[in-house]
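Can you read through this structure? Questions will come right after.
Think of it as A, B, C and D in the order they're written, each chain with its own count starting at 1.
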Amino acid sequence: MDVLALILVCPIAAVLAAMIPSNRWRPWILPAAAVVHLSLVALILLGGGGPAKATAGQATRNGIAATTAAAPPIAGAQTVNKVALPDAGGIVISDWLGIDPPGRVVLLLASMLFVACSFYTVGYLRDHMDQLNRVFCVCFLAFLGAMTLVICTNNLGLMWVAMEATTLSSAPLIYFKHTRNSIEATWKYLLLCSVGIALALLGSFFVAYAAIVHGLTPSLRIADLLRQAPAMDKRWLEAGFVLLLVGYGTKMGLAPMHSWLPDAHGESPSPVSAMFSGALISTAFLMVVRSQHILHVAGDGAYASRLLILLGLLSMAFAAIFMVGQKDLKRMLAYSSVEHMGILALGLGIGGMALLGAMLHVLTNGFTKGALFLSVGNIDRAYGSKTIPEVRGAVRRLPLSGMVFLLGFLAITGSPPFGPFISELIILYGTFMAGHFLIAAAFLGLLLIIFIGMGRTVLAATQGSVPVAGRRSHFRDGLLSGLPVLACFLIVLLLGLYIPVPLWGLLHHAANYLEVKP
Amino acid sequence: MKTVIAIGFQVVLLALLPPLLLGIINKTKAWFAGRRGPPLLQVYYDLLRLMKKNVVISSTTTWVFLAAPLVGVISVVLAGLMVPLGPTVAPVHFTGDLIMFAYLLALGRFFTTLAALDTGSSFEGMGVARELTFACFSEPALFLALLVLVKLSGVLSLSAMLLPESHVRIGSTASAALVLVAVSLFVVLLAETSRIPVDDPNTHLELTMIHEVMVLDNSGPLLGAQIYASAVKLMILAAFLLHVMLPLDPALVWRDRGIMLIGLVAVAGIIGSVESLMARLQLRFVPTLLVAACLLSGFGFLLIL
Amino acid sequence: MNMLILMIAAACIICSGVPGLFFRRRSATGQRLATMINVAAAAIGMAAVLFHEIPRVVAGGWHPAFSLPVGKLALGLDDVGAWFLLPIFLISALGSIYGLGYWPQRKHPTDGQKLRLCWGLMSGAMVLVVLAANSVAFLIAWEIMALSGYFLLTTEDGRPEVRQSGWVYFIATHLATLCLIVFFVLLRVYSGSFQLWPTDVTGLPAGILAALFILGLIGFGFKAGLVPLHVWLPDGHANAPSHVSALFSGVMLNMGIYGIVRVVVIAGTPPIWWGVVLISAGVLSAFLGMTWALAQKDFKRLLAYSSIENIGIITAGLGLAVLGLSMKQPIWVALGLGGALLHTLNHSLFKPLLFMGAGGIIHGTNTRDMESLGGLAARMPAVFRLMLLGSAAIAALPPLNGFVSELLIYMGFFHTLQEATAARWAAWVIPVLAMVGAVALMTFVKFTATCFEGQPRTAAAADARDPGAAMLCPMVLLAAACALVGAFPALLTGLLDHAIAAWVPSHRSIPLAGIINLWWITAMALPLLIFAVGMALWIRRWRRGTCEKSIGTWDCGYAAPGSRMQYTGSSLIQTMARVFRRILWRREQPVEIQGVFPPTAGYACNTPDPLLDRVAEPFLKRVGQMLESARILQSGAAQLYMLYILLIVLILLMIR
Amino acid sequence: MIMILNAILVLVILINLFALGTSRMKALIHAAALQGVLLGLLPPLVVKDVGTLPLLMAAVTIVLKGILIPNMLLKALRDAQVKREVEPLIGFMPSILLGAAATAMALALAGQLAPAHSPLGLLVIPTSISMLFTGFLLLTTRVKAVTQVIGFLLLENGIFVFGLLLLSAIPYLVELGVLLDLFVGIFVISIIIHHINRAFASQDTRRLSSLKG
């Protein structure tokens, strides 16, 4: 039930936000909701929701059988439909809800990151008092709610609905600044993501149809799909996987479907960018993970791995191309997200140790991106620009944000002693263990190019003396703007030096869940 | 007792003989020129006179200028103590002294050149530039020669490697190698002691000098020290050369000491005649000459490798 | 216990800069505090290293309860590590004292705190690098060292040339780290643990072993500055504050050497070609480094290049030791490794001395260009004496320390002639080393003479003065250490023998004393030293007495010699520069003289690093252009992006 | 049953070709609307026992796809006063040919794509694929915002057609969600189009290419 509560937190908060009249106090609903959300997440994760979910699955097995066997001319289906019809809510909740182990990782990330971003947002909106922020707050909460639903449901169809909902609810967030560029970014975001997601829906249908082809009862419930996968039709399954990969890959920002990502990340307010590249695309990655899991169980994992590795390296290559000589700090970070989604795809494709590394990398990358985007947000607010050479000497201008930005860059490029180093180390280790030496070589080469390209920009932005234009604004690192940045950064540092045992448990649980065939 | 005598002999020789060699060289040159030339002992007189003289030095200089000649003397003398002058082992001999030998000469060069530059005169600068440049080529030649000797003798001490028991029969490839080494050592000797064809000790145009121009500002005892030091250097290198060429026999100590002395005199004579018969090389050809010396001993090394 | 003390010392050094952050920007208290902590911690650390029985092997070590994400955090120390620890503590402490005079907080309110924070971080991290007994701990310490080194280098990041050199360092160090990460991952895959440092990894495929060696050599070679991986080194040293250059050159390069020393024995007995590679790399570095040093005008660049030369000599010695291991020649091992380790120590004595002296010159004249100096001997006598000693030491002249280590290495290579093994070719190294030695002598004569002797060429040089005691005392200590090691090398043989024995525990080692009696060096050195002292007194008396010092230098009849007519360093080396023009690859604007009565003609030449200037930078530029041209993929047209999606779907459907 | 189904599907395909061929916006929107209505009729045909639920779904579909969404687009069209799609990136005739070719290919492959024993005959999958392709064609070759939206709409329709094959598998909750998402999506998009008009004084999406590299 607490899962249901978790899902309901955000809609309720959104309604409240819509009702609060004061433009000044409305933003505070975000931190409140965030804290509640996080505490519920903690409750679920520590309260060992795993077995609970399993039992739920067991309990409703026959129920599903009924609903899924609704193919005519079975009378039973009718009755079920009849029963189910009067109120859609009347459907057994546990029939729809449940968090799989990888989902728990992403959920933790999304919730924690949102806490940081929500506090930051309060300060951010305070600087934009002239604008009405009702839509912003409502959409931001709806956005989180949709993501939570994606993570917490266990039905491929509902996942799709929720994923599309994230697109729609986040579009107004990108558009918050009302500049021509933000319009353009929003337009591309909506169009590309909707199309991509549409493909994902088709993909889900294909997967379901793969059951029909072999005369099984079709269903969109992950549990059923996993159970039936070995018996399904390979061609349709593979076609479905391709569509799911491309579809959710679009949302995840895998090249060459990534093209919306730099625009959206670059033009949206920094907390939104942080949520995007920290949580949203990780959620999309979660969807890819689930699709791959189905294929893996169906005994077709090798095929999936090929595609994932291909797209992974392709994404890293694209990112490398566009990060060298990138003048716009936020776009640079966006491409770095593309790169890291590539790394995740690579890790997932290689499997074994690398999969564990990928699970850890979801966290490390997410928090680092949070720290980076929020600090760039501060830099943007201080200089009134997010491009070099307007931005120079950030470390002098904003000691905290500038330094976090510089160190965050080192972290995200995989330097010790930060979190991403550990996760990339494990991924590399897994790659070697699996004997993919060429892939490892390509991986390292791309990492190097990216490091050089990114370093040029970051150092130019952080070092040197502050230009006159940069001194004009009165912005300084404050409590609301500085603390979230620092928090994210400290988490990254901690993950590099020490990973709590329960967290390891979570990650291992996820990796094992994806590895072993039921 | 014997060792005491040997050491005494060597020290006395080292202390007294060198100026004589200069005298012999001058005599030879005079003879070639058909002059009577200065007396054999002229250099001793010069040294004594210089010792008595007062010192005049440039106001630009520092203590280095005063120290250099003396360091030059002591380093050369210490180096001399490692080279056997005769069939008995040198007073100082230990494994690795050959490297000590080379670097003591380098120490002398270090201070001489610094002292020359201490005056801030461009002419002495030229001298320094040439001295150091040529050293860059004569050092490898010297070490290549050492390589051959070590390879032949199998020991790492000058005394041991230069003395008879480690010598080889005439006629073998080894002796051929030794001939090559001897030639290159002779070139090194000419270069190190700034003799024709590398340098002309008694030219009168500063622009063309090497060693002479470096000591241009020295006067009195300082100049004396410089002259003495170069003389000692000449002798120990000559002794080195002789040991490569002459198989001495420790059994007949005094005879071979005699042979050694004659040999030293002969070398001085040869140097003198070379100086009279040859013209000075153009400076830019000197490195070529030294590289040739390197190649000679290098080839010798190849022969026995 | 021992390890605990060392840990505390390291922790104190790491944190030494922290208190300073809480003081006002212009208060000197923070700096004094940092220095005190640093010195005290270093003293404790050195005591712990010297006066404790050190286990023969790293294994075991000290496992704190705290465990790293991957594998347990393990620390350990053996005699090899101990040998490398000493200079770290020494230079870190002396450098921080030197900083009191050279980089006082009052004069540098903006970057002083940052500098000291990173100083502590870097020194402490280097201690941890040596102590680390677990790859992940090693990598973390290593990267902290490298990054804080970067921030130290870019202390004055307001100046573009500093940022540029910092950038080069940044790329180089990241390349190094990348290679090391791969190295350790591979090692983990095949040795089965993150434990350091294995000397008995067996059953490695030859290819993997080769890969490990190459990766390790590149990774650590970058840090050590082996040619051609040295590109970051010259400008990096030149543009850092001088005591930072001292720390870099004196200690950080050693970390690279340390790594190589460890890497070559991961498999116990290394293959022969490893030794060959090391010797060739070492000789190449020594020769090129020295030649490039010779041609420099900026004296800090000159010193930096001479570091490359010394690293080359060390590597050559190490290579000989490796050869000895693989050919079962304990004498070669003893002389090669002994010489290499001793030279490492010596280099971290006289190179910091020289860099601190260079800092003194900058402090007094505010320039790095030798050719605008001159006549400093009379104006900063103390610095002159110390620098003279340093130069003599680095030119390997007896009776100073540089000579002893080079002697050992020479001996080692001479020994390759004695046994009739296949390695006789190694003896060819000797003439090259001899030439390098001669060039080194020339270089440092040029350096000392051009900076200190003759008459001042500029006003800046004319009114230079000696720096204060805070800057002189560390130099005096280092100079004394140079003289002591040079005069009494036999006292160090004990430590050296331990280190040699601990290198490959399974390997039989013989003590140095059994090969060469170093007391002879003392015997030869003492007369020189005594004579030097006597001479000093005598000269003093002489000055008072007969010595007449009235007139100027004999000008060979030229009436009006000016101070600008003195022989400059460039003219001093002109012949050599012509001989080595292919190697130097300078950028020259030659004089063009037309007509019978030519107008005023100009000549300029500078010697940038050939590899950086002619190879690395053009290459990076080219790559950048290629990537730039690929950016049309993201042209901003949504229609195009749609097409991408359609195409990728079709392509992926094709793949089977 | 199957006959009617196939007839409607053929009609739908023809509408695709028309959509590719026409240059008039209004006609395009009306075509899309008609297609929506036709699609709305399909589910009751497929589901054997026409309960209230399928009928409700059909009604919702028809209302959304046939009335609300087209009206929104028409409104967007009105305040932009665009009459016709000019200079498409690919001419109209080539577009038609491409679309026809795609449809033909899909039909040719039908045998392999759908197993013979498919209860709904062979036409469903080819139709949906050809609709997908048509949608993509509009999205990639047209420059006016509204036209691209219609492309997206056709794409969705294609997926809807495929959905017919597994009506039984898809819970109605999901179906509703899909429709709702579509509706909200088009709604938001039309708002954005409105802003595009305001900001760029045109619907030409080629102007929206300042974010590059």
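The rule is simple: contacts are C-beta pairs under 8 Å (C-beta built on N, C-alpha and C of every residue); 3 or more make two chains touch, one makes a residue touch a chain.
Just so we're clear, the structure is a prediction, and the values are computed from it rather than from any experiment.
Chain centre most remote from that of chain C: D (centre = mean of CA atoms). Chain centres here are Cα means. That of chain B falls 101 Å from that of chain D. Chain D has its Cα centroid 29 Å from the Cα centroid of chain A. Separating the centre of chain C from that of chain D, both taken as means of CA atoms, is a distance of 70 Å.
Taking each chain's centre as the mean of its C-alpha atoms, chain B lies 36 Å from chain C. In chain D, the positions touching at least two other chains are 139, 148, 205, 208-211, 213. Taken residue by residue, chain B touches two or more other chains at no position, since every residue touches fewer.
Counting only residues that touch two or more partner chains, chain A has 187-188, 191, 195, 262, 322. The complete set of chain-chain contacts reads A-C, A-D, B-C, C-D. Within the complex formed with chain B, the residues of chain C that make contact are 374-375, 377-378, 384, 388, 392, 395-398, 403, 406-407, 410-411, 414-415, 417-418, 424, 427, 430-435, 437-439, 441-442, 445, 448-449, 453-455, 515-517, 520-521, 523-524, 527-528, 531-532, 535-536, 539, 542-543, 546-556, 561, 563, 565-567, 571-576, 579.
Interface of chain D with chain A (complex): residues 47-49, 51-53, 115, 132, 139, 145, 148, 152, 155-156, 158-159, 162-163, 165-166, 168-174, 176-178, 180-181, 184-185, 188-189, 192, 195-196, 199-200, 205, 208-211, 213. Every residue of chain A that touches chain D in the complex is listed here, in rising order: 67-68, 70-73, 77-78, 81-82, 84-85, 88, 91, 96, 155, 157-158, 160-161, 164-165, 167-168, 171-172, 175, 178, 180-181, 183-188, 190-191, 194-195, 198, 201-202, 205, 208-209, 211-213, 217-220, 262-263, 266-267, 322, 326, 331. Partner chain C is touched in their complex by these residues of chain B: 54-64, 66-67, 70-71, 74-75, 78, 92, 94-97, 99-100, 102-104, 106-107, 109-110, 113-114, 117-126, 128-130, 132-133, 135-140, 142-144, 146-147, 150-151, 154, 156, 206, 216-217, 283-284, 287, 294, 298, 301, 305. Considering their complex, residues 631, 634-640, 642-643, 646 of chain C touch chain D.
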